[in-house]
Amino acid sequence: MSHETTVPETARADAVGTRDEATLRPVPFRGGGFVHRPLGPVAPIVFLAILALWEIGSRSGFISQIALPAPSEAFGALVDLATSGMLWKHVGASLYRLFVGWTLGSLLGIAVGLAVGLFSLARAGLLPLVSALFPVPKIALLPLFIIWFGIGEGSKVATILFGTFFPTVIATYAGVDNVDRNLIRMGQSFGLSWLSIVRKIIVPGAMPAILSGFRISASIAIVLLVAAEMIGAEFGIGAYILMAGALFALDQLIAGVALLSVLGLCISWLIGKAEKRLLSWRA
Amino acid sequence: DKINVGILSLTSHSPSIIAEAKGYFTEQDLEVEFISFQAAQPMAVAIASGDVDFGMTAISGGLISLADKGVIKIIGGALQETPEIEGQKIIVSKAAHDAGVTTPAALKGRSFGITTTGSSFHYMAHKIADKEGFDRAEIHLKPLQKVPAVIAALKSGQIDAWSIVPNIAGPLTKGPEVVEIGKIADYIDNYQVTTVFTSTANAEGKQELVKRFLAGLSRGIADYNAALVDKSMSEEDIAAIVAMIHKYIYSDQPIDKADPRIRAGAMRINENAVLSLASVEDQLEWFKSEGLVPEGITMDKLVDTSFVETR
Amino acid sequence: MQLVLQNISHRYGGTTVLEDISFTVDDGEIVCIVGPSGCGKSTLLRIAGGLEQPGAGAALISGAPPEGSLNPLTYIFQDFALLPWRTVEDNVSLVLEDHGIERRERRSIIADVLARTNLADFAKALPRQLSGGMRQRVAIARALAVKPAIMLMDEPLSALDSQTRELLMDDLIALWSRERFSACYVTHNLNEAVRLGRRIVVLSRRPGRIREVVEIDMPLTERAARLGELETLQRRVWEIMREEAREADREISDVA
Amino acid sequence: MSHETTVPETARADAVGTRDEATLRPVPFRGGGFVHRPLGPVAPIVFLAILALWEIGSRSGFISQIALPAPSEAFGALVDLATSGMLWKHVGASLYRLFVGWTLGSLLGIAVGLAVGLFSLARAGLLPLVSALFPVPKIALLPLFIIWFGIGEGSKVATILFGTFFPTVIATYAGVDNVDRNLIRMGQSFGLSWLSIVRKIIVPGAMPAILSGFRISASIAIVLLVAAEMIGAEFGIGAYILMAGALFALDQLIAGVALLSVLGLCISWLIGKAEKRLLSWRA
Amino acid sequence: MQLVLQNISHRYGGTTVLEDISFTVDDGEIVCIVGPSGCGKSTLLRIAGGLEQPGAGAALISGAPPEGSLNPLTYIFQDFALLPWRTVEDNVSLVLEDHGIERRERRSIIADVLARTNLADFAKALPRQLSGGMRQRVAIARALAVKPAIMLMDEPLSALDSQTRELLMDDLIALWSRERFSACYVTHNLNEAVRLGRRIVVLSRRPGRIREVVEIDMPLTERAARLGELETLQRRVWEIMREEAREADREISDVA
């Protein structure tokens, strides 16, 4: 097979049927690569190595005290917090705010998201508003929130609620949009009622998108914890971090940030569990 | 030499502005650039990091923490409560007043606005509790990050009480929402409200520069006291000084609006930046007793007494 | 019950998809519709089942549906259209739930249709665990559950590999021999058309018009043995369509 | 066709071939719904209606002055800002920070994302770090940023850089992971070099994901503008909002937030344009 | 050039996919591999082309590749594997770019192969604008561009509808008549196998073993006319496979 007819026909004919054992050679291997081999416990090793280097750097004075405290100091701050019993007060206060704000924000967000996904009018009317308000930084609105919701739990919960509402709306309506139209058509072809189609086809079909929206809204909620607890919070991880910042107690600051990180990991683990359970039908 | 001076938008920062405008720093061969901050804590951090050379703020937990790490030092005093001049006020919301909070003693069990943990407001609240003989925990502190947030919370009755310098307290108590119930001077003796500070590197390595700065500043302080506290200058000169200050403070308002605000309730700034060691020590002890700063910090680490007179 | 398509035309935006299509699906008869890609076969079937409203003409039914038919016109889709989050039995259950059938009876209907499609062992399996052929059998079981008068099948075998297709075609023929359902069967595959159709409606490429209607009198059950005859028929249909198919293949879509 | 054999065979036989014209009736329509009709200019109408209601509410005193200023006042504040010439100073300062921070963050993010996507070791080592640091609230780190990057443009740019780096890493590696393995295998089967496969198959294949990551990182950058300008910023939209918030000048606050919203819309429009150009090959 | 598969076995994790497969693809010969779903046909082809390393045995080549061959063993994939962001000509260009061919010559090679596959009009089109059949023609043109000695085709027609498949099969036969390429052609479709194959290797279901090798002596070009004979052959192969296919179809995958 060639572009020109330069290869003589005879050369071809010769080759047919003869197997020249001497020239048998393996097919060169050219696959491989571009796949991820699990490498065992690299992550913990890297993590520990970084901690160790950091600790050594701090102790030797290579990393200045005011730039970054040693991890051992941050750990010490965490232990102090735990032994003083304040840890639970802070974590408890934050969890309460996260829970209430996130639950309300998600419920409202799912409701509005379903409306936007199902009704043309809601989509045309609400979607531009949602898109316009989603990127508004919540810290910018804190002064307004103080006026609207006071300096008690109200404004803190509201900050988190606002932060989680918009991404949930967007995830939900995108999920509804992505439900296989053929499944909806199937429902209609069997004469299922509108409500049945929504309940049995659209909502479960949008569930993966809603759950992955939860992941995003949960991390936004945690990020907003600090902003929310700027106003009049005595307790809470965010308040603890702010206090540490104000006192320039970097060990406590790092400890607080680590707490938030762990909180984020826990929540995403929980959502992972929920996904496993609710979406076991996926591959 | 070029130096950076950190300021907040408060009248108490006027002396360096006056000194710069009147050329007192130039006389000391200093080229000054002002850097504005929204809050005291970042200013302290910026001095520690070397971005700013000199600053003037209340003693806060952050400042002491940085001093403990050996990066900044108090080198002089500024605003101080003196008996003959009106000092900081204790004010309460109308609702709290109606509910019987008419004296500081009634603050027990009430909420009290502060900006951040370890701020001067925090200190004042606890000093009131100490003197009135109730537990510090019985005054509920509400950290609100910024002064305007505290004002809003007080006006709307979301917090019960606050303490603040007279030029802010004055306009507030004129309105119907806020009532004055006491003076801080009754609870803290010779309160050294703000201090002048610099980085340890400057204090130890560039003593001559620090001296020149303080010399220039002192002349600015003298003018400030004369113009706004003692009012011993001619009205023209006072107006000229107010105009200088207006370039940095209340600059978003027209001069005719800003003028009375700048003049109102100016508090005395210590001549020659004299420092009250006793008051500083009292504050330091309070911070330690609250566990807000490391145990090991001493006055030596916090204050460099070699530049100004102390008392 | 009969399905009567009368002078159906349809357009999407500016493009005419179907032009003046008329034919009838009689009781117990399988009518195959063949035509090149994009000629409007799926659109026609959607119109026939009331899922889309034709631009002109009408889809009509005559005669009463058989007693107990829950959904006289029932689809079988190319992509099976199973709910991936429901097990096989729950997928069948779905189409019964809206009809107020009590639980016990529902379960017996489900068991019955799964047995008739040899799926009893798979009642608790999820769609993703099944091969394509088994999934389409589930879709057929689901269709049987509502006792349809006429089945509307849109390329039911074209998502399957050819061996599975062969197996399922045998199953369909066996099912038809037992139940004599009527069907409107859309396909690309001329082999399927000649194996299953009582009549074959050949459409031109877009806009789809009826090019020819080929009648095949040979009984379905005999066809497996008389493949030679069918072969000629298939060839004939292919000759009618070849050029149309080639043109349709070489069409370039919107250069947007 | 029935489950039992109760329907008599004769009834069937009768029906065959007879067309009872009298009983001809149309197939009931059961499709429709679940599609979105474009509704014309609903969005602007809703938007204007909300503004009008808000204005009326404010003027009539139904919405208290302290709770929310009238939109006309906010607009007035914006006009003041424009006529005083400060608008461009603020917008210019913010745009500069956004541009530098976002560009650096995106470039670094893409580089790290590609490494994570291509090399097992980078994935095992870096990915957990990225996941752990992504959700850390940037405001919590402000005191550290001052020490690390100073109070000049450094810390502001760094805040935005940090904010955009992590989502870009995640979008990029997810994009690389999603490149059709068959295309890579095709490249290998034609003996393309590793670099050719990366350049000609993996990078273009990951481009849609990277661009949609840009959308996210751009909105995060805008949200972080306020946090970034908390430290020593004289000019900038964030600084303007913070100042307005500090003075409870709600008209200016709303004006600033509106500015941010418009900025966000402009950037997402630009990214949309880029997507149209770069991804014209998609349907 | 010949491709020799010697005693190839392969396993993925715990499951054996291939067991002791040996056969040879001679020069100018099309060998078809048929077998039920999941029996390891694609795996075998990947091993043959050096994309995967066999667990045991070896894929060998003997003889020199024809002069000027840039890529002796060249694949054609079921899903076409075109880069959607490149035009037709750039997709062909891709496989030439790494070989240091100068621009002018590259352009002439591209023009040549597009002309030979009747694609000259589509040089500037993007894959999404083409029908499935045209896309596979582009993939074939791309394969021709590197002058392969042996083509490895993994169900090249099974993503196409059956009319397009018919058209492409005609094209392939015409191409083979002109160029006499050798090929290893994996398919599910027995009709394709009997129409194209000089030999048909029938695999059992997983683990894939060689059940039978069917030789067809009839010249490719005559087959269109002698469909009857092929029909019997196809039937015979189907008889061998039917039960295997049915079993494979009823397999339930991981109940995880």
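As written, the chain order gives the labels A, B, C, D and E, with residue 1 at the start of each chain.
Definition applied: a contact is a pair of C-beta atoms (placed from the backbone, for glycine too) under 8 Å apart; a residue touches a chain by one contact, two chains touch by 3 or more.
Keep in mind that what you see is a predicted model, and the values were worked out from it rather than measured.
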item: Chains touching both chain B and chain C; value: A, D
item: Highest-count interface - the chain pair sharing the most C-beta contacts; value: A-D
item: Interchain centroid distance [CA atoms averaged], chain A/chain B, Å; value: 43
item: Chain centre separation (chain B, chain E; CA means) in Å; value: 83
item: Multi-partner residues of chain E (at least 2 other chains); value: 46, 49, 51, 73, 128
item: Shared interface positions of chain B, touching two or more other chains; value: 41, 45, 48-49, 148-149, 152, 156
item: Junction residues of chain D - those touching two or more other chains; value: 30-31, 66, 142-143, 147, 185, 188-189, 191, 242, 245-246, 248
item: Touching chain combinations (by label order); value: A-B, A-C, A-D, A-E, B-D, C-D, C-E, D-E
item: In the complex with chain E, residue positions of chain C that touch it; value: 36-37, 122, 125, 128-131, 133-134, 158, 161-164, 166-167, 188-191, 227-228, 231, 238, 241-242, 245-246, 248-255
item: Chain A residues within the chain E interface of the complex; value: 1-3, 6-7, 11-12, 15-21, 23-31
item: Interface residues, chain C side, partner chain A - complex; value: 46, 49, 51, 70-71, 73-75, 77, 79, 81, 83-86, 94-95, 97-98, 126-128, 146, 152
item: Chain D - residues contacting chain B, complex; value: 66, 142-143, 146-147, 150-152, 230-232, 234, 242-243, 245-248
item: Complex contact set, residues of chain D against chain E; value: 180, 182-183, 185-186, 188-193, 196, 200-201, 204, 207, 279, 281-283
